[in-house]
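Here you go, one structure.
So that you can tell them apart, the chains are marked A, B, C, D, E, F, G and H in the order they are listed, and the count of residues begins at 1 in each.
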Amino acid sequence: MDLNSLLERLKNGDIEVEEASKQIRLGNIHTLSEISNIDPYRMKRTGIPEAIFSEGKNPDDLANIAMEHLKHEGRAILTRVSDEQLTVLEQKHKVEWNKYAGIAILRADGFQVDKTGGAIGIITAGTVDVPVAEEARIIAQEMGVTVHTIYDVGAAGIHRLFPPLGDIIEKGVDAIVVAAGREGTLPTIVSGIVDVPVIGLPVSSGYGAGGGGTAALHTMLQSCSVLSVVNIDAGFVAGAFAARIANVVAEARCKE
Amino acid sequence: MDLNSLLERLKNGDIEVEEASKQIRLGNIHTLSEISNIDPYRMKRTGIPEAIFSEGKNPDDLANIAMEHLKHEGRAILTRVSDEQLTVLEQKHKVEWNKYAGIAILRADGFQVDKTGGAIGIITAGTVDVPVAEEARIIAQEMGVTVHTIYDVGAAGIHRLFPPLGDIIEKGVDAIVVAAGREGTLPTIVSGIVDVPVIGLPVSSGYGAGGGGTAALHTMLQSCSVLSVVNIDAGFVAGAFAARIANVVAEARCKE
Amino acid sequence: MDLNSLLERLKNGDIEVEEASKQIRLGNIHTLSEISNIDPYRMKRTGIPEAIFSEGKNPDDLANIAMEHLKHEGRAILTRVSDEQLTVLEQKHKVEWNKYAGIAILRADGFQVDKTGGAIGIITAGTVDVPVAEEARIIAQEMGVTVHTIYDVGAAGIHRLFPPLGDIIEKGVDAIVVAAGREGTLPTIVSGIVDVPVIGLPVSSGYGAGGGGTAALHTMLQSCSVLSVVNIDAGFVAGAFAARIANVVAEARCKE
Amino acid sequence: MDLNSLLERLKNGDIEVEEASKQIRLGNIHTLSEISNIDPYRMKRTGIPEAIFSEGKNPDDLANIAMEHLKHEGRAILTRVSDEQLTVLEQKHKVEWNKYAGIAILRADGFQVDKTGGAIGIITAGTVDVPVAEEARIIAQEMGVTVHTIYDVGAAGIHRLFPPLGDIIEKGVDAIVVAAGREGTLPTIVSGIVDVPVIGLPVSSGYGAGGGGTAALHTMLQSCSVLSVVNIDAGFVAGAFAARIANVVAEARCKE
Amino acid sequence: MDLNSLLERLKNGDIEVEEASKQIRLGNIHTLSEISNIDPYRMKRTGIPEAIFSEGKNPDDLANIAMEHLKHEGRAILTRVSDEQLTVLEQKHKVEWNKYAGIAILRADGFQVDKTGGAIGIITAGTVDVPVAEEARIIAQEMGVTVHTIYDVGAAGIHRLFPPLGDIIEKGVDAIVVAAGREGTLPTIVSGIVDVPVIGLPVSSGYGAGGGGTAALHTMLQSCSVLSVVNIDAGFVAGAFAARIANVVAEARCKE
Amino acid sequence: MDLNSLLERLKNGDIEVEEASKQIRLGNIHTLSEISNIDPYRMKRTGIPEAIFSEGKNPDDLANIAMEHLKHEGRAILTRVSDEQLTVLEQKHKVEWNKYAGIAILRADGFQVDKTGGAIGIITAGTVDVPVAEEARIIAQEMGVTVHTIYDVGAAGIHRLFPPLGDIIEKGVDAIVVAAGREGTLPTIVSGIVDVPVIGLPVSSGYGAGGGGTAALHTMLQSCSVLSVVNIDAGFVAGAFAARIANVVAEARCKE
Amino acid sequence: MDLNSLLERLKNGDIEVEEASKQIRLGNIHTLSEISNIDPYRMKRTGIPEAIFSEGKNPDDLANIAMEHLKHEGRAILTRVSDEQLTVLEQKHKVEWNKYAGIAILRADGFQVDKTGGAIGIITAGTVDVPVAEEARIIAQEMGVTVHTIYDVGAAGIHRLFPPLGDIIEKGVDAIVVAAGREGTLPTIVSGIVDVPVIGLPVSSGYGAGGGGTAALHTMLQSCSVLSVVNIDAGFVAGAFAARIANVVAEARCKE
Amino acid sequence: MDLNSLLERLKNGDIEVEEASKQIRLGNIHTLSEISNIDPYRMKRTGIPEAIFSEGKNPDDLANIAMEHLKHEGRAILTRVSDEQLTVLEQKHKVEWNKYAGIAILRADGFQVDKTGGAIGIITAGTVDVPVAEEARIIAQEMGVTVHTIYDVGAAGIHRLFPPLGDIIEKGVDAIVVAAGREGTLPTIVSGIVDVPVIGLPVSSGYGAGGGGTAALHTMLQSCSVLSVVNIDAGFVAGAFAARIANVVAEARCKE
């Protein structure tokens, strides 16, 4: 950013005021643009792979975008994939398909996720929360994290939670995602018992006042236990956030 | 409601169409008005004494209204009474004053609430819920019901609930009011354990999204346990509703 | 919960601090987990049978869940069942089907609901409220309660309510559920006349501002009469709550 | 609007295109501005006097505005007047003051409202609704209409409404304003009984969900009876609207 | 309502306290029930015919309900009728069908609406508002009122309103309904010009913030002109309310 | 507006008071109606062509409206056109079709948009924002403005924005529209860098709390940079507003 | 951003992988930080001076911040200044004070705003809108723009707008800000008449449903005319945005 | 939980059915109550000290509660303390007072927070965010974590963020809390650059639509970067959550 020399040239009469003014205004933009060179390092930098949100995309366009990701990153992760989109994708490349989460993954030959040593738990109150929880699980695993799941604890019978929760605590987890809809109280309960960070994941179940995940979101935001939350149905964010914690812990551990 | 004779008179030419038409339209109103004669029996009929909502009333006006209640019903119950209003009331008559609930009660000589034999429990999550809970307690007691209270269970330490809850279950309660603000999960927990009806009473604590009692109300409406709820801070309604249940139970019991 | 001996062992050098710390943290969870042993007694404890929410479940999965309930509890209650789900269910077992409420019930041979002696009333403002009211009726009957219904009172002609209401009051009811959509004023009116507890059940009818049951819910929460309410369209909760009251009353009565 | 001659002049070269373009664009505005000449006839045209909303105005400024109104129209109507504003007004001119409604009226010597022959009724559910109702009453009277009021019917004892309602129906009213807060059901009931137009006036009472007049507004909008409504606390609009109806009726009547 | 003799009988020992208590509680209900006898006079009383809301009703059930109305009232008005419902209706009886409003009317032989002499205007901002406006027009005509319509004024070209508005003012209207969606400003403009009551009818057009009729409703409630409003898309209510005004005016006129 | 002569005639007894009163009330409307004569100049006046909102219109009706526009204005612009509507349109006239924006344009022979010399930029955060951006682009071009687009900057990789933004700044733009959904931060960033007016265009993407464009709209309204905004998905308005700025600039420029 | 040499050094063994990884991650941040050097040019770059939001700041802290601005930029603009803050400011430096807008400006000796040649109009519906309009006026003038104001047009008498609007159009304005509260229709009307960009500025007046500026904001967003809007009471943004347009126009004009 | 022996005793006739039934229902509660014994270990278990929310508490009551905490835990942390409360507290014990956050801490002699080795960063967009950020800082430090703060980055000059952010990344932080009000975009930007978990902390600044922290909360929930969030102004929760992460990382690190 050669501001001084620019001003020198102006002073010396090499350029006009108008030109100098324009250069100054553009300078900011050009400097910022230099940053784009380091973009390929983005995943390393933030630790989170990019995913393609498929909803509403034309199947052929989607397949093209996926193939481009595959080429540049060795892997393409597609969320909210429809049956029609899946069919087109499968004609282009081998697809790992998770029907509950609606996630398709394409991998280049030899692409492989290295285990980082981090581990998280994912707990759901009911079966209706499983698709969102699966979205969290897959992204975390793609970030090299081991995932222990406890699905369908049963909202009205909270005691069923304790034996499997004891198990995963013993195995060791660095963070826990707890998905819950309707009144969304499960994250509060888990956070009051364990000593690792708990991320509340509200799910869009429930009808009437506070339905569609709103009561669950607000309950988690108002929780007397210490929780952080993500948006309603944002399984991807919850999984990636928990995995980021786990990877920071694992990196500390690796230095032994 | 002499409709037929009215029509006869019309047919016989004793009255004009215009007059008959007017009589028919007024008839409905006159019939309804006859009902007002039974008003003094209202408390008996619905089992719930009338209370005077004091907020915003001129102290002198309020005192006059209170004295009139006192004269006709032997008792005046005033809610949300200010210090200034209280001072004026005390100049007129002896006042029973509950400073937490802001409730003043005036009684005629010899007025006495007979125990009905019904009993309820009132539980609060925190100390901030006590004023609203006290409002519930007082109205229930004025309906002849015995009230057992468990205040300040401690939202983050739910286990402190169980010993006193065991105690009041053993003593016997016909319904339980559970007051809670912020995320409002305590009623759900209580309802999952006991086998009497539980009434959720959301309290206007908590700030931010879902604050002011909204998250608590929605949590209770979305609860996986079976609950019914009243409006935010509606301690009077919760207490009266629980007492009504208790009195129905007691009345059944009395027939032994 | 052998905390003291654990600490003794630590003091005596039998275990390390790390192990002791882990045991203490896990102890809480293990103690809680013991409670799960008493789960089969849950219905006895809270008086309310569990129901299976069918919406969005795969028909085969749903049928399997239903058969398991049937095996363990002698009965399976399924709410919001679709035609497709019904067809699959009927291939597995005899189904009692209520098309208005969309509720299917499967019973083991010899399973029978014993009358508790409790009774409730269910009233609807219009025909649009009937499905939700039927949901309330069925769950109450499955709890052993006798149900008297008054459907389609006619919102604009409130006087049509009184003769049948007089009838069911004479027969004797321990609680009344009143379902209403749009402006939702019927529960207030009923509660002002009778002396048993009235539960307001808002129904998701009405369009425009306050539509979808919101005005009805708010009207009931703001009611000048003493009411408690359940969420919009929560017929199951309303029925179960009223039945719980009726059963508490009946139990008192049985002790004669 | 001399568009053609303008274009002629353009064609003849008397003016340039730029000037013509500007004239055309301005022409619309100038034509519209001619209308301002008939402004003094506005009250006659719409039948409703202008009022000065006093809230937040500097007392001296307010007094000046009031005196100007007084001079041009023979009367100044000021709503939501504070004590401090009132004091300043009274130093300038004789004031008719209604403390409940917070309305001050100044009249020129000899100014007098002629009775139009129209009549309306104004009904309130409780005492808290009176200030808003008084606002409606005063504006209607200033429009020459006779007003019959029924204040404090008592929300929980609807039967007390009928005798006075019968009275004012017999006296003859052309429209009825019904003010109600909290659940706001009174307008529905009145509208179901009478055969003149009923205007619902929601009042900002009630706390919790649906509080501040929201439940009342929505109840009136959702009403099964035929009602039209005004905004929360808009007593002025309700009174003026009802009076406009009454004056249209009275004008029809005058032609006899 | 023989309360005194009831109490006499109690005093004389002819009946027991329990029986007297029961009679008193039932008395209120029985008295109210007598009112139902005058129900056939309801349309006369309130001036508004009952309509059948068809949405979601089974075609055969709907047809049966319609035939019953036809039998008792000589006419059945059905709103929001689907094509499938229409087909079934037409097999039962001759149907007058308005496809814009989705309203079907069945009439008994010789049934005829007598002109009352009242007249209203109905104005819409755009073509999208026409279905709701037609609903208003039809109900008003069924109440005997003459309706003048001005459809599709063009929201951005308000001046197109004035010639036809002048026409209908000259013809004479007793009230005007103005339907408008999006920002909903047309009723304000009309109300500022004419001297008959104007009823704002918000229409559920517009997307984004304030869409679905919300901005229109709020604009009308906040209007600086004097308006009353009905709910979003409530064409039936707007038409009936305006017609009620017109009929009150016409009745005044008839007395000449 | 011959008010004075009207009053003279009244004074002279040529007309009655009733007639004069009616004339005065009608006068305002007649004067306003004269304005409609200048309507054909509307586009000139406000600089923005009228578009036909096609959603929900019958295809044949729509085609007729389009042909009428074509005849009077030489061009018809139709937004939100469905496939079915398009087919019918194409049978009537040659159609320019933009499938992303759903806009159809019909032009008379020889109709041609003259370049005004104005230029704007349109930037989108993601591909999901393109349809709305295209709507903005087309209307701006129809107003004679040159449009430079930067689509799919990539919300999480803001640095990709800078090189193309530098390019269009160098080419010269008079205003920039920035479309963004979800959290909607891109307009803030652009506005902080450039020195031409930036219009925020929120897009209805995103689910959960703040979804459907709400968070984007609020973010833009709360922006610390200086922005103005249009409604969610209002591409037409954003494009027309930016073009209006560009044309004002261009007109200033033309005077050189 | 010396990425390649960094990698070379890694390959040559001059640094370890850990160090290289850290450098790459930090590199992005360091590159971005270089931009801060051009910050002093910010006002030039975006054309808008920074203002200090004073609300809630300690008077002494505020005065210190103001003096620092004064030193670096030759001017300090403070918005929402309280009386107490003003007193402290005046002890430090000469203050230009606008009591309506609550804006204080401090200027260094010799600081002077050069007229850019741009001009805008600011129009308000009522007197209550003046403080917000003044905020817009002051910031625009500080940006070198000439401002023509039309205050208090009178919401219910729109015709009073036209003569002064004609005047300012003749004087020439490059953009118009229109401030309006309650139903907020004035910007729509102005935008339909003039051919320069119109910015809607909603004002937080009005109570009840749609009060506090909400109805005004939504009306402007839903407007059928072409408008862009700013947030409720955001006079600063509206003025700065309009001035930015005017300055872009003026800059084009200067090139003659 | 001696269920089997209980049933044996029932079978052997040692107890009656009624007694057994009561024991089974109470059993659940008694078992749960045993858990309360381990409460003193709670802080160890969840890693987060309890704080006393002081708002609205009587100063003397508050002081008593504080002294009790002090006695049992060696420390009392009080949030949202008023000046009056502070005065009373200082009479009882030495107080560490943070006036920005309104937090008071009392410590027993010799009480000392051991550094865990964890570290976090806290960043604010503006000075208005500092009180909430300080709340986060204090709680984190009380949990043994080192805190690096970057306050007042300047919302409109994001580049000022980069140098200090580079500094704290170099020092090493395990998590970063980013506090921001109004449009709340800063957490998204930070999260896109760093590779440790970022917690968004919305602050209740901003007025108009999306004001009071709502836009900030929604922006963070909708963020394209991976973030988790806490409620508006919930500095305590954000600090405790970040510290919990840091302590989990530190614990991993300690095992080296």
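Here, a contact is a pair of C-beta atoms (placed from the backbone, for glycine too) under 8 Å apart; a residue touches a chain by one contact, two chains touch by 3 or more.
A quick note: this is a predicted structure, and the numbers were derived from the prediction, not measured.
Novice: Using C-alpha centres only, name the chain that sits farthest from chain F.
Specialist: B
Novice: Can you report the angle of the rotation that maps chain A onto chain F, using C-alpha atoms only, to the nearest 5 degrees?
Specialist: 90
Novice: Please state whether the interface between chain B and chain H is built from the same residues or different ones, using more than half shared residue numbers as the mark of same.
Specialist: Comparing the two copies, chain B and chain H contact each other through largely different residue numbers, since under half are shared.
Novice: If you tally the C-beta contacts, which comes out ahead, A-H or A-B?
Specialist: Higher C-beta contact count between the two pairs: A-H.
Novice: Indicate the whole-number Å distance between the mean C-alpha point of chain C and the mean C-alpha point of chain H.
Specialist: Taking the mean C-alpha position of each chain, the two centres sit 37 Å apart.
Novice: Can you compute the centre-to-centre distance for chain B and chain F, using the mean CA position of each chain? Integer Å is fine.
Specialist: Averaging C-alpha atoms per chain gives centres 56 Å apart.
Novice: Can you compute the centre-to-centre distance for chain D and chain E, using the mean CA position of each chain? Integer Å is fine.
Specialist: 24
Novice: At which residue positions does chain D touch at least two other chains?
Specialist: In chain D, the residues touching two or more other chains are 25, 28, 32, 35, 44-45, 156-157, 192-193, 195, 208-211, 214, 217, 221-222, 225, 231, 234.
Novice: Can you check the complex and tell me which residues of chain E touch chain C?
Specialist: It is residues 25-26, 28-30, 32-33, 35-36, 39, 42, 50, 53, 56-57, 202, 204, 213-214, 217, 231-234 of chain E that touch chain C.
Novice: Quick one: in the complex, what on chain A touches chain C?
Specialist: 127-128, 156-157, 159-160, 162-163, 165-166, 169-170, 193, 195, 207-211
Novice: Quick check on the complex: what are the chain F residues that touch chain G?
Specialist: Residues 44-48, 174-175, 191-197, 199, 221-222, 225-231, 234, 237-238, 240-241, 244-245, 248-250, 252-253, 255-256 of chain F touch chain G in their complex.
Novice: Quick one: in the complex, what on chain C touches chain D?
Specialist: It comes out as residues 155-158, 182-185, 188-189, 192, 206, 208-211, 214-225.
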